[in-house]
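I've put the structures underneath this note.
Two complexes follow with chain A in common, the first pairing it with chain B and the second with chain C.
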Partner chain A sequence: MSYMKIDDVRKSFGRYEALRGVDIDIAKREFVVLLGPSGCGKSTLLRMIAGLESIDSGDLMIDGQRMNNVKSANRGISMVFQSYALYPHKTVRQNMEFGLKVAGLKKPERDAKIAEAARILQLTPLLDRLPRDLSGGQRQRVAIGRAIVREPKVFLFDEPLSNLDAALRMQMRVELARLHRELQATMVYVTHDQVEAMTLADKIVVMRDGLIEQTGNPLEIYRRPVNTFVAGFIGSPTMNLLDARVTSVSERIVRVDAAGLIVDAEIDGEPPIVGERVTLGIRPEHLEGQFGTGSGPSLDVIACERLGGVTHAFTRFSAGIDLTVQIDGELPISPGNTITCTAHPGRAHLFSAETGLRL
Partner chain B sequence: MADSALNAERPISTVHRQAGEVINRVILWAVFLTLSVICVYPMIWLFLNAFKSTNELFSASWALPETWRWENFTTAWGYGISRYLLNSVIVTVATVTTVLTLSSMAAYALVVMSFPAKAAIYMSILGGMILPPEVSLFPLFKVLAATDLYNTYFALILPNVAFHLPFTTFLIRSYMVGIPPDLREAALVEGASEGLVWRDIYMPLCRPILASAGLIAAMGVWNEFIFALTFVESDSVKTVTIGVMSFAVALRADYGIMMAGLALSILPILATFLILQRQFIGGLTQGAVK
Partner chain C sequence: MARAVADLLVLARVPFYTKGSTMTRPSANRTHRASLQGWLWVAPTLAFLVIFVYGPALANVRYSLFSFSAMSTSKTFVGLANYARLMADPIFLQGLVNNALYALISVFFQVGVALTLAAVLEARIFPRFAANTFRSALFLPSILPVVVVGLIWQLLLAPAMGLVDQALWELGLGDWSRAWLGDPATALFTIIMVSQWQWTGYIMALFMVAIRAIPRDLYEAMELEGASGPRIFWNLTVPGARETILIVTIITILGSLKVFDIVWVMTAGGPNHSSEVLGTLMYRAAFRDDVIGYSSAIATVIFFIALTIGVVQIKLQKDR
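Showing the complex of A and B:
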């Protein structure tokens, strides 16, 4: 049964349609990530759940109750803002206390809740400091602490890690995952960072231009993207999308030829006919690159990104098509080299050349 | 290539810049020194002469007093200055408190809320700055007479409030625009009402601008003359600007005591300014830095 339900929700700002009919089912204790490029309407949707924006049409249900016209404060949600939105003139303790005071809790109760949240987030020694005397990561934890003390039904996060540096972001990602386990809470998390989405989510909702492109668990979305947009958005480095021609079809297996790169791909739907143009999607990590002349086309290495364990080689076909290949970090490859590559069997994706939908 | 050319020139240009900075600084200091002498000198003169006898004042008006006649102040105080000062304090405090409360509420609504005709409402508030008080003197007098407010504190407080609202609202609004709207939204999500957000978040964060705007309004009200001359007549409600005038008439012969009275009349506002000056400067600069 769904704990929270977003049903055909729409929102316009003047004549601009920011959300064009969005449906999401969220189970209790689920960690849902709204993922999409900037401007696709993620924050708008989150703010509508929070009650900071009105809902033009559609329904928002939380725990069986229609929330469309319920005041923010009575929706049972807590929100963590991208900017943290800590009250600058209040100490850490007062920041956490504010909502509890508003809710009318007595002093001993408030103190107990603050102490507990401070313990979970290791904020105890910082309780009497002002936000300006805290580091970015500490402020982030205070913002989360302020959300925790209210014991909401649903936590809302709007790009909470985007103001942190890379190392801290990774640490906080782990922290958030731990928090989710520890609090057993339902969380809706907005980000444009697919790594955060992949690592944190139970369920990813990929959005574009006010619409949902795909909903599913991270591996499902990684393995079976429903269209070229999702395919290109999930995974790093991004999936190679190449124009290809069908050369043979046998039941579910379709062989395609993309400028000399011959790949077999398994499909779900109606098989295409031989000679049809399709889009071949193949991730860099599913290509095997090696020196020398193999069976595949020869690729000129234009640039390399060495990550240590693996190297990402950005290469170009003779036909002028770009292809990113992930190769073993031990191979002494450098720009100017020529390599060949073959695809791992069963890892290629085929999309319709016209609609971009998965075949 | 362009880079190395720039690097070669840097030492020379640094020397130039340092010399330029010194000259700039000297000019700046000279200008400010002159300005402060112009501003402060009359005040020093006033305070010095407040301790002199009339004869001494005329014979050596630039010198230090021979004997410091503190009794000038007690005499002036006894002549009714105390009452005028009290009236001024009452009118100023009441006016400034009301203006700051109403202006900050209006500014809050103008900054964070959305409602129809918002821009038009703001424009009409700003329009109030254009209106000179003199124009409204007669209509206001009629209104005050008709409402029986003539010759009461309210006859001074209400018009002063009205004429200080526009500029104060303008100042506070400009400052509030710089407060991140997330703070209010976070508070609303936590269950706060708009009133609580205004009181518990916006007011504390606006302290510097409240101090500055309050001080500007306080100085205006303290020195206000036309309303004080027109809307009250009894000594029991007269403020110090008018009081000093009648005081001067009564003491035509004793200039030392008159100076003491004048000195007393500016002391409270001077003290307020000195106490608040740090906040005041903070208010003028903080918005820009943040």
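Showing the complex of A and C:
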């Protein structure tokens, strides 16, 4: 039984269709991340859940109640904005108090809720400060605090970490995960950052052009992307997608040849026929690169990104095809070197060359 | 016109200097040269101000201590006699009260009403075309010259044949009909209302700019928390437009203090001085009665009231 249900929801702005029929089931206490590139409709969907945009067609149900025409304030949601949207002339306390005042709560009740939220978010010493005197991370916490005190059924987050620097973003990710555990709350979170999605989500909804491409838990999406778009969107560095030809098929194992790189891949569906063109997907971390002549094709290293533990080598085949390989950070590799590589068994993906769908 | 320029300057927030120069630790010589260069740049403006603004203002204070006519070759020093006469002049006191009323009512309309109108038009309550039409209609009077506005309203308000009276009769409100500008009880308020008709839309446009500068997210956040329109107005629009409110209030008060043209065109201060303001009083003293010293005393009083208000404004702005 889903706690929140989005059923064939659509939205157009003039002639532009922002959402073209979206279905999502969200269980109670689930952390759902809407993930996709800019313009995919994820923020529009969140704003429709919040009631900031009307729903053209379809249903939005929260806790068994149809919310399409319910005012934002009565939907039982709280939203954390990308800009935080803190009231600039109100102190931290007043920011958190405003919604409670509107709801008509008495002062002792308000104070208790604010004290509790401030404790959870370590905001107690900041309660009498104005937003402009706070750091980015502190403002973020106040925005979350303002959402918490209202005790919503569902929390909505609109790219809440995108204005923070990398270190703070990581810290807040951990914080959000802890908060989700502590509050046992249902959360819908919009981001274009796949790391946030992978680390925070119970369920990821990958969107593109107003449609859902895939829904599933993070590892499922990483391990079994349903098409080349999801395959390319999840994972960093992005998955290599190569034109390949089927050389042999035995039961579920298909052997393909991509310009000399021979890979065995397991498939779920109808096996392709020998000689058919397919798209081979293989992640940089599932390729083994080494110096010297190996069994695979030789690759010219064009650029290297040294991350310390590992190095991402951007290489080019003799045939002019680009391939990213993740190699051991200890290997003294540099642009101009030639390496060979082999694929880890069982980690390759095959997609139809025409439709891009997983085979 | 002067008012429009002043408003533009206020809106553009013309900086007088820039903090934090990009030069770090310039040599003494360079600093000196830069400073000299700076003075050279401002010299023409400074000279203009001294010759045409500060000089005459100071001269005016001096003139107020003399008794003389524009034609006389000598001036008689009378000390503060002009001021003593002023304080004893019931028409001057009437003018002072009228200016105060003018300011009070103008602030109510041009700050209170204009801000409310701006908030309503920006709240997307009306469809876009309707909001745009309202805005244009309300703004339009401000582009007309004051004298034209005065004359048009004189015609509209003319007893019996004016459109206003005819409309009142048609609406069955014939009892309300009166000589709006000829009745001492209504003359001043009629002028004030014409002035509001002309300027409220203009100030509203300034407020719309101020409201648009408030991030949309904040309005949405309040909406999500269930705040009503008036609550959002008091908790977000008013504090968000605080600076503009302050500036408009000051401009409106100063404008009311200096008002002359519309009053001169519509009633010239009459009937029986009921719509007299300091501006008309000063003008009449100088150019009809030819008591230049007395007129200068009135001008000096206006100057010092304006100065006080200006100082208060600067103080308030520094406090924030």
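Note that in this section the second predicted complex is superposed on the first by the 359 of 359 C-alpha atoms of A that agree within 3 Å, B and C clash if a C-alpha of one lies under 4 Å from a C-alpha of the other, contacts with A are read in each partner's own complex, and residues count from 1 in each chain.
One rule holds in what follows: contacts are C-beta pairs under 8 Å (C-beta built on N, C-alpha and C of every residue); 3 or more make two chains touch, one makes a residue touch a chain.
These figures come from a predicted structure and were not determined experimentally.
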Fit-or-clash call for chain B and chain C when the two complexes are aligned on chain A: clash
Touched partner set for A:52, first chain B, second chain C, both or neither: both
First (chain B), second (chain C), both or neither touched by A:13: neither
Chain B versus chain C as contact partner of A:77, first or second or both or neither: both
Partner chain in contact with A:291 - chain B first, chain C second, else both or neither: neither
Shared contact residues on chain A - chain B and chain C: 50-52, 72-74, 77-79, 81, 83, 85, 87-89, 98-99, 102-103, 146, 150
Complex interface listing, chain A residues touching chain C: 50-52, 71-74, 77-79, 81-83, 85, 87-90, 98-99, 102-103, 146, 150
Parts of chain B lying in touch with chain A, wherever the complex brings them together: 180, 182-183, 185-192, 196, 200-201, 204-205
Residue ranges of chain A touching chain B (in the complex, touch as defined): 50-52, 72-74, 77-79, 81, 83, 85, 87-89, 98-99, 102-103, 146, 150
For the chain C and chain A complex, residues of the former touching the latter: 215, 217-218, 220-228, 231, 235-236, 239-240, 242
